[in-house]
Amino acid sequence: MIRVQQEDFDVAEELRQMRAANPAIGALVSFVGLVRDLNEGNAISCMMLEHYPGMTEKSLLQIVVAAQQRWPLLAVRVVHRIGPLVPCDQIVLVAVACAHRGDAFAACEFIMDYLKTKAPFWKKEQTPAGSHWVDARETDGRAAARWEN
Amino acid sequence: MIRVQQEDFDVAEELRQMRAANPAIGALVSFVGLVRDLNEGNAISCMMLEHYPGMTEKSLLQIVVAAQQRWPLLAVRVVHRIGPLVPCDQIVLVAVACAHRGDAFAACEFIMDYLKTKAPFWKKEQTPAGSHWVDARETDGRAAARWEN
Amino acid sequence: MKCQILYFARMREVFATPAEEVALPDSVRTIADLLNWLRARGEPWCSELAAGKTFRVALNQEMASLDQILTDAAEVAIFPPVTGG
Amino acid sequence: MKCQILYFARMREVFATPAEEVALPDSVRTIADLLNWLRARGEPWCSELAAGKTFRVALNQEMASLDQILTDAAEVAIFPPVTGG
């Protein structure tokens, strides 16, 4: 259900496994995060994704369990890559299957918002001016905070 | 960008075309609607999807244009099937690519909510007790109404 | 004035036709007039298009309100609330 | 008391190590005490862990607050705010 890996992932195969002929699923929402070639004005040639082995998996599981307690989820998939990535590479997949679309959209966005603010991953970007650690974005904090009620 | 067709669609291929090596895309949100084997208590053996050729495409285009005016979309795909479908079949794909995830989630859900209430498609379900036309759901009206401000 | 009327889903089944070409008298100017003219045919129009029934009307492939004016050679469609997606 | 301290991202680079094993005096009981003990080493701990700096601390792989009590053989991690996804 949850994987942290250096290799790329195949969205179609992940969705196929989630559906696995379960006819109770009416809605499948997926999010794929991709490396952009420009971030806050910096041209990105590549990036390095570091994480905290052990805590990462634990933290992602807690986020998924929180989503499961909040919405009736029939299947969930979270795959996050680590290591060196270049523009257009896939970084993360979050996919959620439910009976109804409202639940699937909400749960998928909830998991992404918490992943962004709670899961111990860090990005270091390589630009023509050198490399730097990406700063946490205030908008990500606000996005996660709106689920807190 | 918009297609109405009897044949099944390949989500992976649609997403691949949307990404098309565009390194400005940071977020790709997709929704797939599937036929369930149970709807409001009725066991579904198959369903027939009817539409209004001409108006359907026009109406979907208006919905996509409204989304484009509201969010900075880098790519959009809407594929809706018609004809006979059975449980686990794919009905509809709505996929949206943006720089940032908040826009992509909102635009994808906006398009689905309007598609559900504005696009001229009708479902007739076959159950053990016979066939019947599906009634419009009040929750779909409310889902679309929340975008009106 | 001539008009093409299309019926979809339950309407198509109840009226037993997907479409008809109608020649309307001059007194029929709006969508509301057209509905009254259809109701005057008796059953099943009379019941299916009764004021309390829920149905939608499109004029030239755009959702229309009752007071909209018909144009010559207009394409009018009458159908139940949509249920796609 | 013994403790394993892990550093990630910028912290790992600035402190030039991904991890260290420390033997703490009895006076170090909480996360706050541990941070003070590290700051007392001088640079770069002193600047990087200064009160105005933004960093996070996890205790045994759970996000921790300053007043949490350290346990023997605890795994403490110090890192910048996360930026995955």
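Read from first to last, the chains carry the letters A, B, C and D; within each, the first residue is number 1.
Please note the rule applied: a contact is a pair of C-beta atoms (placed from the backbone, for glycine too) under 8 Å apart; a residue touches a chain by one contact, two chains touch by 3 or more.
Because the structure is predicted, anything quoted here is derived from the model rather than measured.
Shared contact partners of chain A and chain C are B. The minimum number of touch steps linking chain A to chain D comes to 1. If each chain is reduced to the centroid of its CA atoms, chain B and chain C end up 27 Å from each other.
Remark: chain C and chain D have CA centroids separated by 73 Å (rounded to whole angstrom). Between chain B and chain D, the centres computed from C-alpha atoms are 49 Å apart.
Centroids built from CA atoms put chain B at 23 Å from chain A. Looking at chain B, residues 33, 112 sit in touch with two or more other chains.
Contact of a single residue of chain C with at least two other chains is seen at positions 85. Looking at which chains touch one another, you get A-B, A-D, B-C. Across the interface of their complex, chain A is touched by residues 6, 8-10, 12, 54, 58, 61-63, 77, 79-85 of chain D. Those residues of chain A that touch chain B in the complex are listed here as 10-12, 15, 19, 21-38, 87-88, 99, 101-102, 104-105, 108-109, 112, 139, 143.
The touching residues of chain B, counted against chain C in their complex, run 33, 49-52, 54-55, 58-59, 80, 91-92, 112, 115-124, 133-137.
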